[in-house]
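Here is the structure we will look at, set down as structure tokens.
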Amino acid sequence: MATQATEQTGASLSEHYAAVRRLSLAIAAPLSDADATIQPMPDASPAKWHLAHTSWFFETFLLRDHLPGYRLHDERWAYLFNSYYDGEGDRHARPRRGMLSRPSLDQVRAYRAAVDAAMAAAIGDLPAELVTLGLNHEQQHQELMLMDLLATFAENPLAPALWDSGPRPTAALPPPARWLEGRDGPVEIGHAGAGFAFDCERPRHPVLLPPHALADRLVTNAEWLEFIADGGYTDPLLWLSDGWAWVREHSIEAPLYWRADEAGWTRFGLDGLQPLGVAEPVCHISYYEADAFARWAGARLPTEAEWEAAAESGDPRSGNQLDSAGAVRPTGAGGWFGDAWTWTASAFLPYPGFRPAGGAVGEYNGKFMCSQMVLRGGSCATPRGHLRASYRNFFYPHQRWMFAGLRLARDP
Amino acid sequence: MATQATEQTGASLSEHYAAVRRLSLAIAAPLSDADATIQPMPDASPAKWHLAHTSWFFETFLLRDHLPGYRLHDERWAYLFNSYYDGEGDRHARPRRGMLSRPSLDQVRAYRAAVDAAMAAAIGDLPAELVTLGLNHEQQHQELMLMDLLATFAENPLAPALWDSGPRPTAALPPPARWLEGRDGPVEIGHAGAGFAFDCERPRHPVLLPPHALADRLVTNAEWLEFIADGGYTDPLLWLSDGWAWVREHSIEAPLYWRADEAGWTRFGLDGLQPLGVAEPVCHISYYEADAFARWAGARLPTEAEWEAAAESGDPRSGNQLDSAGAVRPTGAGGWFGDAWTWTASAFLPYPGFRPAGGAVGEYNGKFMCSQMVLRGGSCATPRGHLRASYRNFFYPHQRWMFAGLRLARDP
Amino acid sequence: MATQATEQTGASLSEHYAAVRRLSLAIAAPLSDADATIQPMPDASPAKWHLAHTSWFFETFLLRDHLPGYRLHDERWAYLFNSYYDGEGDRHARPRRGMLSRPSLDQVRAYRAAVDAAMAAAIGDLPAELVTLGLNHEQQHQELMLMDLLATFAENPLAPALWDSGPRPTAALPPPARWLEGRDGPVEIGHAGAGFAFDCERPRHPVLLPPHALADRLVTNAEWLEFIADGGYTDPLLWLSDGWAWVREHSIEAPLYWRADEAGWTRFGLDGLQPLGVAEPVCHISYYEADAFARWAGARLPTEAEWEAAAESGDPRSGNQLDSAGAVRPTGAGGWFGDAWTWTASAFLPYPGFRPAGGAVGEYNGKFMCSQMVLRGGSCATPRGHLRASYRNFFYPHQRWMFAGLRLARDP
Amino acid sequence: MATQATEQTGASLSEHYAAVRRLSLAIAAPLSDADATIQPMPDASPAKWHLAHTSWFFETFLLRDHLPGYRLHDERWAYLFNSYYDGEGDRHARPRRGMLSRPSLDQVRAYRAAVDAAMAAAIGDLPAELVTLGLNHEQQHQELMLMDLLATFAENPLAPALWDSGPRPTAALPPPARWLEGRDGPVEIGHAGAGFAFDCERPRHPVLLPPHALADRLVTNAEWLEFIADGGYTDPLLWLSDGWAWVREHSIEAPLYWRADEAGWTRFGLDGLQPLGVAEPVCHISYYEADAFARWAGARLPTEAEWEAAAESGDPRSGNQLDSAGAVRPTGAGGWFGDAWTWTASAFLPYPGFRPAGGAVGEYNGKFMCSQMVLRGGSCATPRGHLRASYRNFFYPHQRWMFAGLRLARDP
């Protein structure tokens, strides 16, 4: 409701703008300049880069393009903070983003403040749709920032916690998953109507679903331990060919951030190194692992259409999502949204009749429609209010630094 | 018709077996031992390996498993000629297949003769379905063998021709492509019924097609030259993100096997180095290139369902396909089948309700259902009789040593 | 003289200790936490790491090993700050040193202060020879820190200057180099006597020098520009085979840190981006480049023995060396010491009768005696007081982030 | 004596020419076209390439350059068979030499015959020195051909033997090595006088040798087994830094071509897979391994000067060297020459006053004088008559497909 409101009136758009921008700063609050500078791998970016890039988006596509007379905060920074918009000119090589100690975190914060001041003054005169796009873009980077910070701190042998999570209650193991019969026959998926959605969620269109059932919850760490104990990581017949090659090349034996010591399994998170919570949903797995687990379990992954048809009955603002800065982690509250993204069996491809958004900002989802798989439902690191049942996330099958888990499906 | 016949009676199965096996030898006839030993890249295999591996398939899954008392031709060869069946034990590393000068081509021919003699004697007692699978498997390797030989000879600065193609008549440029309105609404795709099909073509199932149109022919080299002249390979906005990275990393400027010299473009083929035939369908392009061309042309690639719905009206035995050994090349006779595989916009994924074939031979199509795109329609290198409208081929988006081209589609 | 004094009395050893340790902090003074955290390439280390590692050396080999009851500042840090002493246990992977935002620069400074306090209190009771080794070790890391900071800032498209060098006077081009006749016949090289020297400088031993001459100064940037203009980087006949492969693989066209723009050549340094000083000695070249230049010039590189025999007449404390923190750069004052290390034609190999130093600290120079070339004479980044005529530095032939240049030699 | 004779009279030069050229063909006699086509790794070349390249050398530098009116056998072949002479134009990429099934082995033999016929007719009018260089060059390639064939057959899981070595008598373990006191003080090394030598062996010059002793024989496999049993491959303190990185990256646990099975160690050779002969000299080790063994044994490797000063007393035609085609292998007959090349502690660098040979053929030894170590004494695969005490071979420290072993040295 709030989101919809902000899309209709300048006043509440201002408030929404301020709230979203504030959350980014809150996430970065405990960071040192050095913390915010590190790039742990080419797929990830420094926190400072996220803070600056999201501001560059507003500065470029709103202030520069729509506010006559606006002067750039620093002309040289477009080169540094453009992500991949070829239409916006050359840019710093992605794998070298971690080489930038200058500008400092404080300078980036000052950049944000300057952009925010200009936005606040002008927001009533700026195209609301584009502002909303910028805010959704920033929310995506909030989740990316959390993922990348986790990857950064996981590199440190001292295993520092970004946030203290306080005492973690021992959760009871959930009962065995139940199978929910899915809708079959023609159903509509995708986004329609006035509210915001990314271009890749459109157009809404009919698909035919086969008879199927979906598990009523995500797979847990306890179930994953069974998979490991049963030799899941050592039996090639469970794996896709690419997946098995990946397992062997990287000596994969457990989800990312799991560590084995004498006392058993621990997992590293934004709350530091903690005992593995067996009742929690499994997280930080690749598509290969999700697919292998499903095969081992005699099931399969849901398609994105099956998932969406079921999740339309849920509340996208419910579940374990990101409300404020702090040690996010999957807890397994259940429902269709939050905790961990659900790998689907669907490749990220255009919907029938897909049209990229117009202008430079259209150089976006469409260019990634190849070799990636769709994930649905958001995670504990997704800002609450950002999701929809039609929301499509996408990653390469081998990636696992995002908060990704799985939910089983099966044919009748 | 013939295929169907061979699936029903032992007698004609024998004939079909003999014919298919003969064609493999005919393809290899002009090869020296050395020609047949080279592996030009990890994706490809030596011709000798194809000849042996297809025989290993019959020896293992038919003779060994179904003929009591059968003794292996050479016990050590399973290690050499198993392709990827993990259920069949360890095997020689794929990228080292070109290291095997022994066994020689003559020894491999003797292996084939021994297997064929045993098969001929026993074929009436063997499961016909599995024999038919082995023959279809061998036909796939016939096309692979032609692809791999082309890749091999293309490595040789002397540009040797495997076959002399004789004089090539100058073909007239085809008229501009016309748009054929496609079927929309619910249509069925996939294979059903008694005839042979691979597991990935099943089950036949309904899909909903959007309104769309398909070009009445493949894209030609003349059209591709326009794409090049218009800067197609230098404009990042035309390309998928992965595709643009691939273009830059490998300095791609034209389809594979095209060469520029003072006199203009030539292309290398199994008939050696020849002037580029502008009326011919473009061939040896990657998915990235096909997709970029379609975007440049203001169109898109067809989905596999759109293609199949249209191609069901065609005759899978028609068009420019492989009838006998000789210098295959695309000529552009038109129709839905032959000349060059059509890249589709569809990822290679399981159909709803997909079940892998039973037994060791089921470790096959299913394990490749990740990160590959579907191609349809066969090529000049596909043995005539091997295709169906439901036939699904698949390659990674960057690969282009297969005979692959494109046909445009568009939304209304 | 001062060095010798500090080796004899506890009092002046304290002063020397304090002075050396102070210089490290002075070099790091202008650094932000982020500046000090970045590792620009696997060969280099973060400034913070240098500051901590040199302290770890004193803490480990002096305080821990020789001060009963000493408690480690942080037991977990040995893992982080051990460089390569296998005898001291496992350690953090070298290429991941840039992943450590924690401990912070301030925490590392506190570590230094704690170690220094303990050292100050105990220095009279500690083995002076080992303290002196630690100080020489720290001086080496001071030069490395400057090299690594230059590599770090060179990665930043904003080209930040670490120090402002003030106005740079235009230097007059030096006259053509004159040839100084070298000593031939038996000469002694290497270190003997009581003063400090690294194990690889010992034992002093006789060698036979052929008749030869040495240039009276280093090669200048003006002379290097002639080499470039004459096609030096494009003629394979000038290059070692490995060197030519390196030139082609990395598209080498000029010394490291040189940049061409419309206005001509600039070079990046610790004083930022500056016009190339043609009178300055060329710097940041690889052995391959030095060797190719010498061949182009009809000369050769000196052997280390030729160089040492000549340099024994010089004052190792003279020339352009590091006196205090600030923007070091080669200026070309002349003489045998300072400005830029001289690549020699000698491989870094043990002298006859070489014995590594005893104990864990002996796991040092000897293990690098393979595939590296000797450099002599120090540079503008070498702390004054650290050098001797017998001093041997060594790098791989392709490396060039150190302050390395060349001096020509020739046969009669 | 024969060699010297052939350098003086046209008649015996003809005979020498014929004999050397014959041996190359004899080595290749048992090869199939496919055997002769495989390139097992970028460092190695196909046998066919060796046969053609050595002929290209005579055709180019003798027939083309010195025989007016000579027409090239095939103008396109220079591109294929030039090794690395940049002065001779572009050439086929070295790592793709294994892609050439055409020309065939028979065509290459015909090329040899044509070159030989032209050489035989013209030899009296050709510069004898250059012919002799060509023959020495061919002898080098004879040893390389044997090394590369061994590497080729070692890739084949069937472990084919190129030659049957017949029954191998069980050799008695040699007595412990005795230390021979070496010459110290000034000695002369290098080649002087009229006989043939490579440019890198010149000029003969004095060096000062320290007091030292050399073992009277090569290290045996029995001694190497002790090194392994004592954890030689697992103790980093025994290894050079580069060596230890190499051991870990490649999981090195034994010399190349050693294989462990239930029955113990075997080694693969040109005579196939055979039980490890403990009395034989260890062979196929890297410099890193030789150096680590010497350190483990409390000794060191000899310098090339120490070795040469001692070996001048030996007969370079004695020992286990290559007399005719057949299964070469180290046997340990003793002496300074043959069996296995001796890794020395000397880098391959120019002698004082070194001048490369004139003309295109001078683009040779000099360009490799970087990062390689000298080996001395020849091996069982070196054609008898090719060696001298001053002969310098050189390889990179990690290479081990050549027949290389070690002999210990020590300081007094």
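When the chains are written out, they are named A, B, C and D in that same order, and each has its own residue count from 1.
The working rule: a residue touches a chain if its C-beta (ideal position, glycine included) is under 8 Å from a C-beta of that chain, and two chains touch if they have at least 3 such contacts.
Everything numeric here is computed off the predicted structure, so don't read it as measured data.
K.L.:
Which chain maximises the distance between its CA centroid and that of chain D?
P.N.:
A
K.L.:
Taking each chain's centre as its mean C-alpha position, how far apart are chain A and chain D in Å?
P.N.:
Here the centre of chain D sits 59 Å away from the centre of chain A.
K.L.:
CA centre of chain A versus CA centre of chain B: separation in Å?
P.N.:
Chain centres of chain A and chain B, defined by C-alpha means, are spaced 38 Å apart.
K.L.:
Centroid from C-alpha atoms only, then distance chain B to chain D, rounded to Å. What do you get?
P.N.:
46
K.L.:
Residue numbers in chain A touching 2 or more other chains?
P.N.:
In chain A, no residue touches at least two other chains, as defined above.
K.L.:
Which pairs of chains touch each other in this structure?
P.N.:
After working through each pair, the chains in contact turn out to be A-B, A-C, B-D, C-D.
K.L.:
Note which residues of chain C are touching chain D in the complex, please.
P.N.:
Interface residues on chain C, with respect to chain D: 84, 86-87, 186, 205-208, 210, 212, 236-237, 239-244, 287-288, 291, 300, 345-347, 349-350, 352-353, 363, 367-371, 397, 411.
K.L.:
Chain B touches which residues of chain D in the complex?
P.N.:
Contacts found on chain D: 32-38, 40, 76, 79-80, 92, 96, 98-105, 152, 155-158, 160.
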